[in-house]
Every structure is written in structure tokens, then in C-alpha cells.
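Take this structure, written in C-alpha cells, and hold onto it; I'll ask about it next.
Here the chain labels run A, B and C in written order, and each chain numbers its own residues starting at 1.
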Amino acid sequence: MSRYALIVSVLALATVPAASAASGPPPVGIVEASSGAGLYAANCSSCHGPGGEGILPPGRPGVGDLVGEGPSLRNVGAATVDFYLRSGYMPLANPHIQPWQSRVLLTNREIKKLVAYVSSFGHGPPIPHPDPASGSLPAGYALFTENCAGCHQVAAEGGYVTGARVPPLDGLTDVEVAEAVRTGPYVMPKFTPQAISNAQLNSIIRYVDYVQHPQDPGGWSIGRIGPVPEGLVAWLIGAALLVAFCRVVGRRARYE
Amino acid sequence: MIRASVRWLDRRTGTGPLVRSGLRYVFPDNWSFLLGEVALYAFMVLVVTGIYLVFFFQDSTATTTYHGAYGPLDGQQVSLAYQSVLDISFSVRAGLLIRQTHHWAADVFLAAIVLHLLRVFFTGAFRPPRTLTYYLGLTMLTFSLLEGYLGYSLGDDLLSGIGLAIGYGVALSVPFVGANLASLIWGGPFPGTSAFWPRIYIIHVLVLPVLIGTLLVAHLALVAARHHTQFRESSRHTERRIIGVPAFPGQAPRSLALMFAVFAVLFLLGGLVQVNPVWLWGPYHVGLSTNGAQPDWYLGWLIGALRLVPGFDVVIDRRTVIPNPFWGGVLFPGIVFGLLFLWPTLERRFTRDRASHNLLQRPRENPWRTAIGTALLAWVFLVFMAGSADRVDVLFGLDYAEQISVYRIAIWVIPLIVLLVTRRICTELQAADRVASVRRSALHSPKAGPKRGS
Amino acid sequence: MSRRRIGLLARLAKALELEPASIDEPAERGRILPEAPKEPGAELVVIVLLLLASCCAAGFIAVFADSRIPHATQFLGLSLGLAFGFLAAALVVIARCLVVTEELTHDYPPEEHQEAERELEQLFDESRERFTRRRLLVATSALTGTAMGAALLAPVVSFGPVFDLSAFVETPWFRGRRLVGDDGAPLKASAIQEADFYTAYPEGADREQLAAPLVLVRLPGSAIHLPSGRSGWAPGGILAYSKICTHAACAISLYRTPTFPAVEPGPALVCPCHYSTFDPATGGTVLFGPAGRPLPQLPLEVDSDGVLRATGNFSGPVGPSWWGIRSRKPT
């Protein structure tokens, strides 16, 4: 028995560093300022340029080994800025790593000021006001499967595309989902209203809301990603219990 | 009452002596000999739950508009097959329990067979006179893999439909005749004719169960005819004499207990843990796919193999001689099963041991077999792990492409290390055993001198 | 109480075995099983476990009958599973405490039966004596067997068109066929912007065939470098490719498009099954993954209504590779 306890505890210890690695990049500190322009100058201009014109590689050397590089923010629109700030994608410490959901250190008012300031760099999509209740769940399910499931997985559990991780959609507000669809953050496609109309987007958001807590009539849902956790259950619960029972019913070999 | 039943049976069937020797049949009762029984009982659950499902399932890919109990699919075009699975899950009382129990039983059945195969392999139970039993078992394993694959594909959901498409790609990759083979199976190019679904249905519910059942009966009959092997636990256990527990009254309650325990675990899983929620995947259409699509665990080694092979077709003068999926989808399982089938012959050739064996070897007693077997297992297991590298990237942030590069080297290097380390461990264990037995016989020997320190 | 009632109660108690039964005298023939002590405590445990199993089984029937119970599947599984579980536990107690576990020895059956083998050999030898031309007869029989086997197997060929593989290169696309979206409406070029990702189908054709679904993206003209012979295939930078992966026939439903191209990976169509990655800018060449062939491209034009139409067939046959995929043209 002690052999098994040792194996189990080693495996348990091994998951600790792995679990801590899953959380994404560490949040960047924020410099406070009273105006949108001030916030922008202190927190964003080192990568995006003082006028939002963007900085191309080889970039502008900064503190330590950081290099300031960033896309242009001209004509990105309020939707884009609002999304990147509310999700914690921005500010990003290193332009070469993938932005990921992280703790948002800006306050709501600071975000609003920044949104107003950056969206003044031209014309872009405004913050959307989705109405998922007016959407159709079956239509949303079909649209999500066709347009989104390839990357986000059909139950919105996230996934992988070559060169990037795709986030699961739990915890996002309706506005954030709508913003992401219209702005296409990082390597996500940007779906225009001709591709996905506002009515269709309402249905998609309705589905995304539903699939966070879908019906699970079969019991413990074990992740909703299919055979990988199912195989783990079959071995670590099913086979393990039955092997244990065999040990109870049979006997160990005793060599004299 | 028992007396009356016994007389009734013997008079009508004449099987009195047979039943007497059958009930007193001697089983060595080591726990690891029960793993095959676990598989047998899981197979029983599969057959019984399967028969129930047959009464509700519709094996047709004709489309219909869904207006059933699962709201999010209302008004969508689905096949009759998919709709019938949804109806079983949502509209038939206990339907979802039976369906999930059936699926869990398949997963656990294959796990039990793999454990049973490992026990048989590493103890040398496949040696003469049991090589035929071993071949029957391996054949059943092959059939069971196909049976499971077809079973979960029958629901025509997005996940399993993708799996069938990949199966088509693998069939096409057979050199020279792949397309002809695929055309034969599907009735043309994918997704095939309307006859394809009844085809895989009848294979799943009739042809393969009958084949597996027949081989199973033959397998058990052979085990009984040759009697079970045993470990050499003492000098009383010999090649000629078997020591164990009689079937009745000793072994019977144990086996029955195990049977009900298997039923218990499978029905508990079937009711409490959701498996293959096809309503979440949606219906399959040729133009749709989803991230994170995986086959059931027992085919995970193949998806790993398919993902690991670098991107090339072998082309000679505009003829595609070896399409890419061949290496991972055909050659890799071919090598693994080929080695398993050939192993008894290879071992007999290399050890020059052609004698019959009723005694098992402890894994340490045959270092080469244990080392090569463990290395082969490590190879397959690493390829299997490579198949989940994308989920590892999602969960732990390890870049998928880098993982694949590491695995491409690891699957060759690590089994080699495992081989050498395992061999070493076996020889060390054997040396330790020898020391222990010398010490034991010295302590118990009548010629032992006065004890030290007295 | 009357004497008769006491007698009845006593008989009922005996029948229900609420008291342990007395030992019967063994027959004069020697014992088969060794004697072992009685274990009334264990018997009680078994009875309790069996009663629990019965309760669970009754519970199963009760849950089954009452359709108002929520989480029916869970309760049904729990009750049936526990019923079996208690039964298994009862049998374990019986096995360990109530049944004699003997250690018996037995002889393994003989390795072979040489007398029987010799007789069989002799039987077969003698039965062959009347044949003079044995080898010729064997050869002829083998020929008959092969021919009959082939004849009996021949009907299997009708499972599919085994020899005529023309269906494998047929596509529903031809010059002038309009592209439609998922809703069936004709697809306008203006609907596809850069960074967008669209699925399209041939108008009026069956969608459930490998050559039907297309994936469309738009790239700036300066970024597009198609192979020779494909000039004009991408009007306005709109590129159409087969949505079916050339590795193993999954649908390519992932599109990676960079927000900051200087630093992020370039545009790519990716398959979720084994992550074959195709570059739409260079005619669907394979950037990563196990696909051995580039993605077939469909030439497009924009008609006078602004609707996208095919101007021909794919650059190569669609779907996973097979023997003739590089030597045949799509029809």
C-alpha cells in the first residue's frame, strides 16, 4: 500500500507546477493618471506610439530587455479598446507573448477614459449592445458550430490553433463576446456584420451563455471535451476500482 | 430440493460426471488471473445493454427536422440515427442510463483486456500449450477495437463523424489499393451511399458480436481444457501439479461477487458520470468540425501517431504510393499487433525453449521479455500521450509544436532507455531473490552451525 | 396464547431461519469438504447486505416509475449500481466467511495423447492408400478451392464501385456555378472582408460531399503569391479553398489571422484534427502538420451582380491522398 501512496503523492506534486503555469502572463502594473491621454501616455504609448500610430519591429528599447512594439490603434474603435482592457489582454508586458485573460488593474472609470481617448484615433466599431434574449438558441448553436467551434470547441471549452492557445469562453459578459467577434483579437478572425449579422450575433451569444451551464442529464460533466477525460475516468475510476476488487477477491502470490 | 434438481439434470442430460468435475475444477486464485473475467463480465453488460439499445436505434442517415426534447437543436436538420440517440437519451425512461452504461462498459472492457494482455504477456502465459488461446485473445482484441469504433460512430454526431472521416483517410492511405478499399467499404467516396450506415450497424450489432462471442467461447474452452497457469509459489507447485481453489464452493462466490462488482461499477458510472454527450456535439455534417475532437481512449494511440508524422506523401512519378496517414494509421498499429502476434514464435526462436509450460514466470525471471515488452508499452504510451498534446497546451501553456518536436525524438529514445533500465532492474531483482533464498535455506538447514552470538 | 399458535409461530420462525439450523449428521461416505466453524455473525452481515440490495433494487423501480423525480439518470444509476454493489459485498462475505476455501491439488492434463495421435496418423495414412495420383489430386483440389473461394467472394465487389474510381475526382463545381452561404443565399464578394472567414457551398448541389464545402478568406493583393497558372483566381484578393483537409478529410474550420502581422504568425487555415496548417497566400501550401498535399484552390470571379462564381474546377482533386490523386484532374 505504501508504494501506491508514494506514486499518488508524486503525481499530485507533479501537477502543482503545471497548474501554476496555466494562468497566463503576469498582470502588468498600471500607472495612474487623471485623463485618458495621461493613462495612454503612461501605460500604452511605449508600445503603441504617442499618437497610436503603432511601433514596428525592431521596436523601441525599454526597461530591462523589454522592447516596445505594438500595432497601430488608428480606427480600431471603442469596441476593440473596451475588449482588450476589460479582458486584461492589455496592457501586455511583452509584445511577443500571446495576450490572455488576466487580472484587470484598471478601474471602470479609467477604462472608460482610455476607451474614449483611443477611439478618438479615427473611426471604428462602437461598443456593441447585444440582446441575446432576442436571439434563437438553435440558430446560435448552429452558427457557433460553423464559425467558432473549430477554434473554441463546440462547448466553448477552448482549444488550440497552430501557434496560439484559444481561450474557453466561461466568465465573459455578452458585451465582451460581441466585441471579440467584431474585433477579432490576437489571431481570431474579425467577423463583419455581413458575415455574421447582429441578429445572428445575438443568437450566438445566447448559445455561449447557455453552454456555460448546459443541461448535463448524464451526471458529472467531466469537462465537456469528450474522450480525454472519459478515458481518464475509465482507467482511474472504473479499472482502478475493479482491480482493487480483484485484489480483495483473489490473493497475492506468496513465494516461499 | 437440490437433490431433485441434480437428479433432474443428470437424467435428462447425462452430465452428472461432467458437472462434478466442473464444480471441482481447480483455479489458482491469484488476483491477476481475474482480469480476464472482468473483461468477460463487461462484455456481458455490453451485450445486454446493447440489445436494449437496438430496440430504439434507427440506422439511417436520412435527414429529418428535429423537434424533440433537447431544445437547443429544435428545428435543425439531423439524421434519423442521431435523432434516435437523442430520443434514447432524453425521451426514453432509463434510456440515458443504459446508453451511458453501454459506453462506459466498452471503455472499461478494453481497459480490462489490456490489463489482462499485460498480465499474460509479462508472465509468459502465452507459451505452449496456450499459444492458440493467446492468438484467439489477440484476435478478439482487434475485433473489439473495431467494434468500439463503429459503436460510438453510429450516433452520427460531430465528434464521431470526424472520426469516421479520419478512418476514411486512413483507408485511402493503404498503398495502391486504398481508394478501392475505401470505395468498397463506403460504397463510393466519403460520406458514402445510404447503405453505409446499415452496413456499419449490422457489423456492430451482429457480425462482430457473434465473432467475438464465438472466439470467446473457444478461448474459455481452451483455458479450461489446458487448465489455468500458476505461479511457482512453492516447491509443491510444479509443471505437472496444479494447486488452487475448486470452482465450487470456493471460487464460485468470488467470481459471482466480481461479476456483480463489475455490474455495479458500470451502472454507477452510467448513471453518475456523463459520457459522450452527443447533444453537446451536434449532428455531423461534412463541412463542420470542432476543436479538441478525439477518438475514444483505446484509439488515442492512433491519433497520436497521425499527428506525429511529418507532412509528406511518398510520390513516384505522379503516383501517390504512400499517402501520409499510412505511417500512423496503418503501419504503426500493424507493427504493434504484428509484434504481439509474432511474439510467441520469436521468443521460442531466440530462447530455443520449445517445451510446454504450465508454470508462469515472474516478470523478473525473463529480463529480455519484460524489458522489450515494457519498452514496447512505453513506445505506444508515448505516442498515445502525444495525441493529447493540444489539450496539454490549452491547460498548461506548453507550445504544441514544441511538444510534437520533443515527442518525435522521445518516442525512440525513451523506450530504449526503458529497455535497458528494465533489464537491469530484472537482473538486480533476480540477484536479490537468489541472496534471499540462500539465506533462507542456510537458516533452515539442519546442518547449520551454532548461531552467532550465542 | 394457545398451543396451536405457539406451534405455528415456532414453525414460521424455523422456516424463516431466524435461528440458526441444527447440524445434520453427514452420510457414512467420507466428507468431501473439510469441516469449518459456523459464522452466524457473518450470516447476519450477508442478510443485511442482501436486504440493502433489495431496497436499492426496489428504489430503482420506484425512481423508474415516478417521472417527476429530477436527475432521473443519476438516481437510476445509483440505485441499480448500489443494488449490484451490495450483492457483490454479500458474496464477498460469503466467500470469505461462509464457504470453505480449500486448497486442492490436481494434475495438469497430459501434454499430448500419443496413442490417440498415432491412431489418427494411421487412420489418415490408411485412408489415403487407394489414391495413386495424390499430388495431382491435391493440386487440382487446391485449384478448385481457390476458384470456388474467388467465386464466393466475388459478390463482395458490388459493395462499392471497386474498380471505377471516377467518383473520387468528381466535384459539384463548374464554370459559372454560384457560391452560396450557409443560408443558401448567393454570396457577394463584398461580404468577405480581410480577416473574415467564410464557409460557402455550390448553389443547388448536395452539401454532404467532400468537394462541396469551401472556405473563403480575403488577403491584400500584395500578400498573395499564387503558383503559376492561377493568375486571376483571386479577384479582389478573395481566395477560395476546399474546406476538406488533404490529410484525413476533416473540415478546416480554423482561421488564424494576425492583428499585429509584424510579430504574430501569418494568416493560415488550420485543421483541428491533426493541425495541418495551410497558407492561403501561396495557394494552400502546407506550413505545419502531417498533410502531404496543398489545399486545392477554386478559381473565382465576381459577376455583374457582385456575386462570387467559380470559373472552373479545383486545382487538384479534393480530400485525402490516394494512389491517383496527383495524376487525375477533378471533373
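Worth a mention:
Definition applied: contacts are C-beta pairs under 8 Å (C-beta built on N, C-alpha and C of every residue); 3 or more make two chains touch, one makes a residue touch a chain.
Source: prediction; values computed, not measured.
Put simply, the chain farthest from chain C by mean CA position is A. By number of C-beta pairs in contact, B-C leads over the other of B-C and A-B. Separation between the centroids of chain A and chain C, computed from CA atoms only, is 31 Å. Distance between chain centres (mean CA atoms), chain B to chain C: 13 Å.
We define each chain's centre as the mean of its Cα atoms; on that basis chain A and chain B are separated by 37 Å.
The set of chain B residues that touch two or more partner chains comprises 96, 100, 254, 257-258, 261, 265-266, 269, 271-272, 287-293, 390, 400-401. Multi-chain contact residues of chain C, defined as those touching 2 or more other chains: 73-74, 77, 88, 92, 95, 199, 251-254, 272, 275, 288-289.
Touching of two or more other chains is recorded for residues 146, 149-151, 159-163, 217-219, 245, 249 of chain A.
Contact residues of chain B toward chain A in the complex are 29-35, 38, 70-76, 89-90, 96, 100, 104, 107-108, 111-112, 115, 158-159, 231-235, 254, 257-258, 261-262, 265-266, 269, 271-277, 279-282, 287-297, 300, 388, 390-391, 393-398, 400-401. Residues 71, 73-74, 77, 88, 92, 95, 182, 188, 190-199, 251-260, 262-265, 268, 270, 272, 275, 277, 287-289 of chain C are the ones that touch chain A when the two sit in their complex.
If you check the complex, the residues on chain B that touch chain C are 24, 26, 93-94, 96-97, 100-101, 129, 162, 165-166, 168-170, 172-173, 175-180, 182-191, 193, 199, 225-227, 236, 239-246, 249-250, 252-254, 256-261, 263-272, 285-293, 303, 306-313, 315, 318-321, 323-325, 328-329, 356, 358, 390, 400-401. The touching residues of chain C, when paired with chain B in their complex, are 33, 64, 67, 72-78, 80-85, 87-89, 91-92, 94-95, 99-109, 111, 156-157, 159-163, 165, 167-168, 199, 201, 207-210, 212-213, 243-244, 247-254, 271-276, 286, 288-293, 319-327.
Considering their complex, residues 56-57, 69-71, 95-96, 146-147, 149-151, 159-164, 184-192, 194-195, 217-219, 245, 248-249 of chain A touch chain C.
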